[in-house]
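Letters A, B and C name the chains as they come in the text, with residue numbers starting at 1 for each one.
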Amino acid sequence: MSTTSLLVIAILILATLGYFLASKRAISTAGGDRRKLHSLPVYYGSNAAMFTAIPALGVLLIWLLAQPMLVERNILSTIPDKLIPEGSSIGLVMSDVRRVADGLEVVVNTGTLSQNETLKLDTEQTDIRALLAGVGAAVGSDVQPEVLEAAQNYRAQTKMGQLWMVLIIVPLALIGFALSVLAAKPTFRARNTVERGILALLVLAASLAILTTIGIVFSMLFESINFFKLHPWTDFFFGGSWAPNFRGDSDLSILPLLWGTIYISIIALIVAVPVGLFAAIYLSEYASPRVRAFAKPLLEILAGIPTIVYGLFALLTVGPALVRVFGRGEEGLLGLEWMSGATAVLTAGLVMGIMLIPFVSSLSDDIINAVPQSLRDGSLGLGATPSETIRQVVLPAALPGIVGAVLLAASRAIGETMIVVLGAGAIAKFSANPLEAMTTITTRIVSQLTGDTDFASPETLVAFALGLTLFVLTLGLNVIALYIVRKYREQYD
Amino acid sequence: MTDAIQKPEKKKSSLLQLDARTRTRNAAETRFKAYGMIAIAFGLLMLSILVFNIVTRGAGAYQQTFVALEVELLAGKLDKKGNRDLDDIKKVSTFGYTPLLSNALEAKVIELGIETDLKAKKMVGILSKSAAAQVRDYVLNNPNKIGETIGFEFLASSRVDGYLKGRVNRDSIGNDKNISPAQLDLVDALKAEGSLAKRFNMSFITGSDASDARPEAAGMGTSMIGSFFMMLVVLVLALPIGVAASIYLEEFAPKNWITDIIEVNISNLAAVPSIVFGILGLAVFINYMHLPNSAPLVGGLVLTLMTLPTIIISTRASLKAVPPSIRDAALGVGASKMQSVFHHVLPLAAPGILTGTIIGLAQALGETAPLLLIGMVGFIASNPPDSIATGLLSPNSAMPAQIYEWAKRADPAFYERAWGGIIILLVFLVTMNTIAVILRRRFERRW
Amino acid sequence: MNDKNIMESHMGTTAIKISARDVQVYYGDNHAIKDVSIDIEDKTVTAFIGPSGCGKSTFLRCLNRMNDTIDICKVTGSIRIDDEDIYDRRVDPVQLRAKVGMVFQKPNPFPKSIYDNVAYGPRIHGLAQNKADLDEIVERALRRGAIWNEVKDRLQSPGTGLSGGQQQRLCIARAVATEPEVLLMDEPCSALDPIATAQVEELIDELRQSFSVVIVTHSMQQAARVSQKTAFFHLGNMVEYGETGQIFTTPQDPRTESYITGRIG
């Protein structure tokens, strides 16, 4: 069992012990009269468990997150430049080092060699690669002496780190244990302390949302910076072509991808906005309760269908159907030869539009319903027909909200992945022909980050820059849309 | 004053006659209403096309063609030393079993009196490539049966299966080297004699994915387990964290700019494209924390972060629905704020929280894009995990990722399985959503 | 029996504008209006009074078929305006509402400019030939709504920016702009302060010269101040109808008396 899990179990046992001891002690110091206690005995116990476990576990978590980073930084500085092969990077060497180090740990754990024997290993005398392969740890190439040395260093530092971790965390837990058990006296306000502790946990949970955002931004920002070190930013933002080439010298411009993304999104919105809006108008202004009860949930099923299903629908149903209409020459329905493959801007756009219909319609439905009935009455009372009322009073009043809904739908369309991965194609180009295959930002992120990836080449790292752009784009749309919708709602609240 | 600017009395019109203007206005009204109906009809039409497509194309995956054969387990081929030593038997690869299959087929053909020009070696082409492995597994489990003749049911190859399902016909196989018209003749003859038939295929639901050459053997089972472990992680993490965050924001948070930022943040996170969460998972969990690639644990963590905003938003709505009078009542008898929330408000909001959680889980179950980035595709997980730890940490796929994998393989036999997989996925989603709706109906309280 | 003759003999010179006979209104299973028959005169202010929930607003909304917008509402009996049954199958409620305007309890200006608010009715009914014509209609309506002087310099600013009393007068001007023959007012002053109420009441009195005005009110003082005729509604029945002075001084029905003296309501 690993040191970490042993440590966790020890802390938990100590906490349980603390719980019982503290509640016992509280009762006994009160002379067995529970009414003399400030709080229920449970709270004295919980207080002890909390002070034993939480600081220790918190430090443990931070330690586990920080230690690999520190160790790696130390090791990195010791790796000589000559170890980095042509066309490779320090990152790859580092992952070799890590693999060798992890492998050696396995060697010790399985009992193939003893701890001391592994420390004396030498590339001259032992085939490390074979040794590691014997315990199921695969290393790409033969292990060089420097890599072995770095790996040994890595192991030593990790061991040292773990030792310190135990030396710090165990006393921490013990101190918390002792203090909180001793504090269990009738005058101690245990409930207030426990509640403050719980509140702190609640705050922590709520700030996880912020942490996630920071995680998203930083994870993409760091790799994007690495990318811009390897690739000129002018090409990324202003270049004209997208042609990744894994031997280097790629054209990596976002513009053709952005064009594909926007083109497909526009087609999707052309389908989804009128259909969704009219559906919402009909459902909220005309439909009888029975029709509404039946049509609304059915439409909303479209929103619950996973995007992979829409992707398959685009690739295998809508695409071929469009080819039958616009392609195949003489055999086609129109005798045209405009469309050659099932994947095309129109395919992806149409299917994405279908996916967005319920999104637009339920948002607009909410917004139209927020328009006060008194406005409708006012208009109808003047002798306007329902459609005049809707077009000239309800829709203008709801306009900001509807604009917000459309922006939200646009942000969904831009960030949608599966439909375009399967339905849009992989060719990056500027073309106005909706029957051609084109590609999008999300598709390229998927293709650059799946399969064999090398986190030192611009061809892989570009995905992070693309992701960051996508994030900023959708975030911008969302912020604006949510702001508009919020202002709109305040107007009628 | 008013009289001075009054217009001369306008012509009296009868209410019983429509004037021309009203008629045009009514026509516009009818048109406008028609647009609404067309929009709804369009949406419903698309839904029915989609459902029809899924059902008709996916149903085939639940039926598979099987060939019944008696195979003589020749001792001379399988256990040359004759000592029934398992290690020796293991040395015979699946390749060594193929002759047994061709013998069995040939015997069958002769027994049934089918006329064919095919050589026995070619006849085996109608069987799945997994047939030999199936016999070998049987022999390894039952070494004492060597020398006997055992009845097997083999999967037919995907082309034969497609032929029976109408996907493959004699015109379409012109350049197909996997199947020949003569083989199809044999298939017809075997089918007429009842040795080859389509039946329900349980292994599609329980089995694992198979390599490109054996679509007939591929199943959803293992990826279902992968999805199950991911959902476990999401449930264990997202529910408590989401509820805790909602309680703080709804009940305790002071109205200040920090709270505002958190709130804006959560509503924006809910709209961040899922693929961005995939990038986060790749960068943080895999590249930084070195959690194993393709592991359901990582998938679950990513989906947790993605589902949290959904759960927080719905939990806050259900907390908000609990009237303040309940809180006041608890505070009035001397409970602390924390006690009033945990003893009274939370239990009352529980059905709503549960409903929101199930809906969030359903959303996570169908999510594909982030899984592509953390490597849950392109991997053939063949064996179901044997413990919770391996289930969480060993590489696996997930249902939607498996479907994507099949959709990419550009083989109609795999397309059929992709649609079939969608049926399973949708069955799960429909069940979860139905439970959520029932919960809501059952426990919904109007205050 | 010929109702019209009887009425004319009773009322002398004033013409009957609206005549309702045996009107029943149902909201689903709820019988909201029972057997109401009433004759409303032209160029007169008629007040409907009664405790809340007595059906006076419901009945008012029957007069221009605003109840049509509520699915579960069903109206039987006959309501005739200028001797034409407004529930006749051939009648288009749109045309009817152009003739029978309505002002609501809460001021409900559209989120448009003051000008567009007033021009809305004339525009949809095609009352103006050109822009100048429309300007004239808007000005006349705003003058008759007694709000022209307050808004003439800011016709393009939003109607929602006015004060409550101004908004309600704007809504009256908006209703007047379509040149209706009858003006229905559903508690037009309930959301206004006393000063704004006084202004609106003064306005109602002026409007009487051109229209038949029917006003639903909670306040008996208001009914006494503005109306010539008053109908008292109670639990869906019209209990008493007559000259305002007579209703308030010598009510015939004990229920009317208890309401007026404050014992019910």
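Here are some notes:
The rule is short, and it goes like this: contacts are C-beta pairs under 8 Å (C-beta built on N, C-alpha and C of every residue); 3 or more make two chains touch, one makes a residue touch a chain.
Everything numeric in this text was worked out from a predicted model, so none of it was measured.
When every pair of chains is scored by its C-beta contact pairs, the maximum goes to A-B. Ranked by distance of CA centroids from chain A, the top chain is C.
Once the centre of each chain is set as its mean CA position, chain B and chain C turn out to be 62 Å apart. A separation of 20 Å divides the Cα centre of chain A from that of chain B.
Residues of chain B found to touch two or more other chains are 25-26. In chain C, the residues that touch at least two other chains are 94-96, 99, 124-125. Across the assembly, chain A contributes residues 385, 388 that each touch 2 or more other chains. On the side of chain B, the complex with chain C involves touching residues 1-3, 5-7, 10, 12-19, 21-22, 25-26. Interface of chain C with chain A (complex): residues 64, 66, 69, 71, 94-99, 101-104, 106, 108-112, 120-121, 124-125, 171, 174-175, 178, 184. Within the complex formed with chain A, the chain B residues making contact are 25-26, 28-29, 32-33, 35-40, 42-44, 46-47, 49-50, 53-54, 57, 240-242, 244-245, 247-249, 252-253, 261-262, 264-269, 271-280, 282-284, 287-290, 305, 308-309, 312, 336-338, 362, 365-369, 372-373, 375, 377-378, 400, 403-404, 407, 415, 418-419, 422, 425-426, 429, 433. By the touch criterion stated above, chain C contacts chain B in their complex at residues 81-82, 84, 86, 88, 90-92, 94-96, 99, 124-126, 139-140, 143-144, 179, 206, 209-210. Contacts from chain A toward chain B in the complex involve residues 65, 68-69, 98, 191-192, 195, 198-199, 201-210, 212-213, 215-216, 219-220, 222-223, 274-279, 281-283, 285-286, 295, 298-299, 301-302, 304-309, 311-313, 315-317, 354, 357-358, 361, 385-388, 390-391, 408, 411-412, 414-418, 421-422, 442, 445-446, 449-451, 455, 463-464, 467, 470-471, 474-475, 478-479, 482.
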